[in-house]
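Quick one: this structure, given as structure tokens, is what I'll be asking you about.
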Amino acid sequence: MAQQFNTGYWAKDIVSSEEHKEYNILNVGPTHPATHGVFQNVMLMDGEFIVETEQTIGYIHRAFEKIAERRPFYQITPLTDRLNYCSSPLNNMGWHMTVEKLLGIETSKRVDYLRIIVMELARIADHLICNSVIGVDSGALTGFTYLFQSREFIYEIYEEICGSRLTTNMGRIGGFERNFSDKAWDKIRYFLKTYPAHLQEFENLLSRNRIFMDRTINVGAFPADRALAYGFTGPNLRACGVDYDVRVMNPYCSYEDFDFIIPIGQNGDTYDRFMVRQEEMKQSLHIIQQALDKLDKIPDKETFYAADPRFVLPPKEKVYNNMEALIWHFKIVMGETDIPVGEVYHSIEAANGELGFYLVSDGGRTPSRLHFRRPCFIYYQAYPEMVTGNMLSDAVLTMSSMNVIAGELDA
Amino acid sequence: MYRFNPYRDQLVIQKLSDHFPDVVQFHERSSDMLCVTVGNEFIHDLLLFLRNDADLQFNFLTTLCGMHYPETNQLGVVYHLHSFVNNHRIRIKTATDQEQATVPTITTIWPAANWMEREAYDFFGIIFDGHPNLKRILNMDDMTDFPLRKDFPLEDQTREDKDDSMFGR
Amino acid sequence: MSDKQIINPDIVESPEGISGQGFFATSFEKAVGLARKNSLWPLPFATSCCGIEFMATMGSHYDLARFGSERLSFSPRQSDLLMVMGTVAKKMGPVLREVYIQMAEPKWVIAVGACASSGGIFDTYSVLQGIDRIIPVDVFVPGCPPRPEQIINGILKIQELVGNESLRRRNSKEYNEMMKHYQME
């Protein structure tokens, strides 16, 4: 069935005639540029068409879940950075919120809005890479080099907020490590002003481009029921036409205060995934604008962490000059504070789906078990079904449009 | 953030006690969502029932992960289900002996469980009965240990400090 | 800008030698080094986070093309510089070794990031504790991930090595012993 659905109209005669089939085996990856990352696919090919695919993953397996059992809560944040490294802040915030859920820390609205600004910036940064790489894989490098400048600007905003570019290790349990500087606010506002034009220009390059449309429409299409059975989440599921978004379904971090649209596609093909991500970037800009407006209405400009002294690090000046503050800082960092026994599952809408943290605490300084629900890992297993019957060049585009991040896949 | 839905929780408890009497234990408020413990021989039927029941409709397998309980010498599997229709989440736990850890597969219910079960096998050595392709997924094929068991050391045993005699050549 | 100091940025400085009317004489080694160092074809072996930072380095903002390395070669047979960026797991180790063996001499290796250099924060059973355990490495770039400036600095260091490398180095006893140590002959 998949064959008839996926291949171009002109190719049907070739594929369907049995006597013309000639099989050979092709190994793609793990260092092939088209897999951008480290995936291996051994494909049984009939000419240009894929008959069967066998996947091998685990080429950068780093044993996150094992490391997490040996690290205090604060030291797990750097691990989450390296899950989906295209949007590290999202993972950081997700992890902090999981711990807050376990500890029962309530954050104020201002902290929530600050987090939302950072999270939506990270979502833009992630979608931006994914979409421009779709362009690269279909042969249009221009969009990539052009849009990457905007990503550099997001990096600059990160640097103003936390001092780091890619693996941000941003925030603390209960909020942020410091208030946003004035320069950070200026940069966020500047980004909001300039980015829509850049994005539109990028979209004009591709979205109605005849070549791009022919390469992507009906390529790697996946029906919604199969997508649900395969555990798709995020833009890939929405491209199939299911409007599941954790931000709306189980609002966290005051997302219920915001007004935004969940874009959905129809066919779940590469073009739909591309367009859903494009629209999500615009919605993210919209959310950031709303957050800025809401923050203007909050008279308090100083709160950037939860008013819970048990898990919030004291300011550095006090740590260096005050014995009690030093002890307090030490206890929190070394995980000597009281952690309740219990288990929580918290999920956020990360850039490519529902990123879940299943945290089991036995009261010790480290988690007894921490399981990451990594969206890539779950939906990448549908890849053979998506590309069977397609041409090899379409399989490349399908993979790049699925936004499979190796770090998240292999943990 | 997912919040309790007491009405839905009660409905699940009632339905499950009707259909699976005496084999299901409930831990209502022990955590952030309704938690159900069931023996490993019933897990497949229970999940199938939860998915197909017209009122419950747990249509989405959020995640599946293995667990190790060294104090009781047991291995466990934890399933998180999500009903998109009712926006209701549920956690289901099962446990087996460490020596003969066998759990029926649920790949027939959700194909998404395929890799998650392989991962649980890779990490903990839980055998999923009826799994189409149960082999290691993240670690190397020739590995014999199950690394996420608590008795396995985390660190690379062969790590050594750099020899810097060749620097600055 | 003073009149004397105008240097064409597109032209590298010539090596020391004797020049006269219509000729320029220098040693063969220097000429070859000059040519090699300014036309390195990198093979990006990007596995994780550092790969994204490498994308930034190749992007319009930092523009690695300024250093003669804009031609990325994904085929090991046509590349001079193996850039290993990101964690290399033990499962990946044989692949990396194979890629290195397939590269034609002369070849150089740069390990970008803490993971490639030493395993970084991942001191775990599944991660190779530094790629210098399986292939010889010329330059290590620290950082997790290193900033693009650092990666560019690493490239400049490699260029320094390449430019000053003796033509006989690859035949020397030390080099052969090192390759024997890595079991590549």
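As written, the chain order gives the labels A, B and C, with residue 1 at the start of each chain.
Simple rule for what comes next: a residue touches a chain if its C-beta (ideal position, glycine included) is under 8 Å from a C-beta of that chain, and two chains touch if they have at least 3 such contacts.
Not measured: the values here are computed from a predicted model.
Shared contact partners of subunit A and subunit B, listed by label: C.
Chain centre most remote from that of subunit B: C (centre = mean of CA atoms).
Counting C-beta pairs in contact, the pair that comes out ahead of the other among A-C and B-C is A-C. Subunit A and subunit B have centres, each the mean of its CA atoms, that are 23 Å apart. Here the spacing of subunit A and subunit C, counted between their Cα centres, is 31 Å. Subunit B and subunit C have CA centres that are 45 Å apart.
Multi-chain contact residues, meaning those touching two or more other chains, occur in subunit C at positions 91, 124-127. Residue positions 138-140, 147, 152, 154 of subunit B are each in touch with at least two other chains.
Touching of two or more other chains is recorded for residues 58, 61, 63, 66-67, 410 of subunit A. Remark: subunit A residues 30-33, 36-38, 58-63, 66-67, 78-79, 81-82, 85-86, 129, 144-146, 148-149, 151-152, 155, 165-167, 406-407, 410 touch subunit C in the complex. Considering their complex, residues 45-49, 51-53, 55-56, 59-61, 74, 86-89, 91-92, 95, 99, 121-122, 124-127, 144-145, 147 of subunit C touch subunit A. Interface residues of subunit A facing subunit B in the complex, by the touch rule stated above, are 57-58, 61, 63, 65-67, 69-70, 97, 101, 228-231, 242, 244, 249-253, 342-347, 354, 356, 358, 360, 369, 371, 373, 377-378, 381-382, 410-411. Of all residues in subunit B, those touching subunit A in their complex are 1-3, 30-33, 35, 59-63, 65, 67-68, 78, 80, 84, 87, 89, 91, 110-112, 114-116, 119, 123, 136-140, 147-148, 150, 152, 154. Those residues of subunit C whose C-beta lies close enough to touch subunit B in the complex are 90-91, 118-119, 123-127, 129-130, 132.
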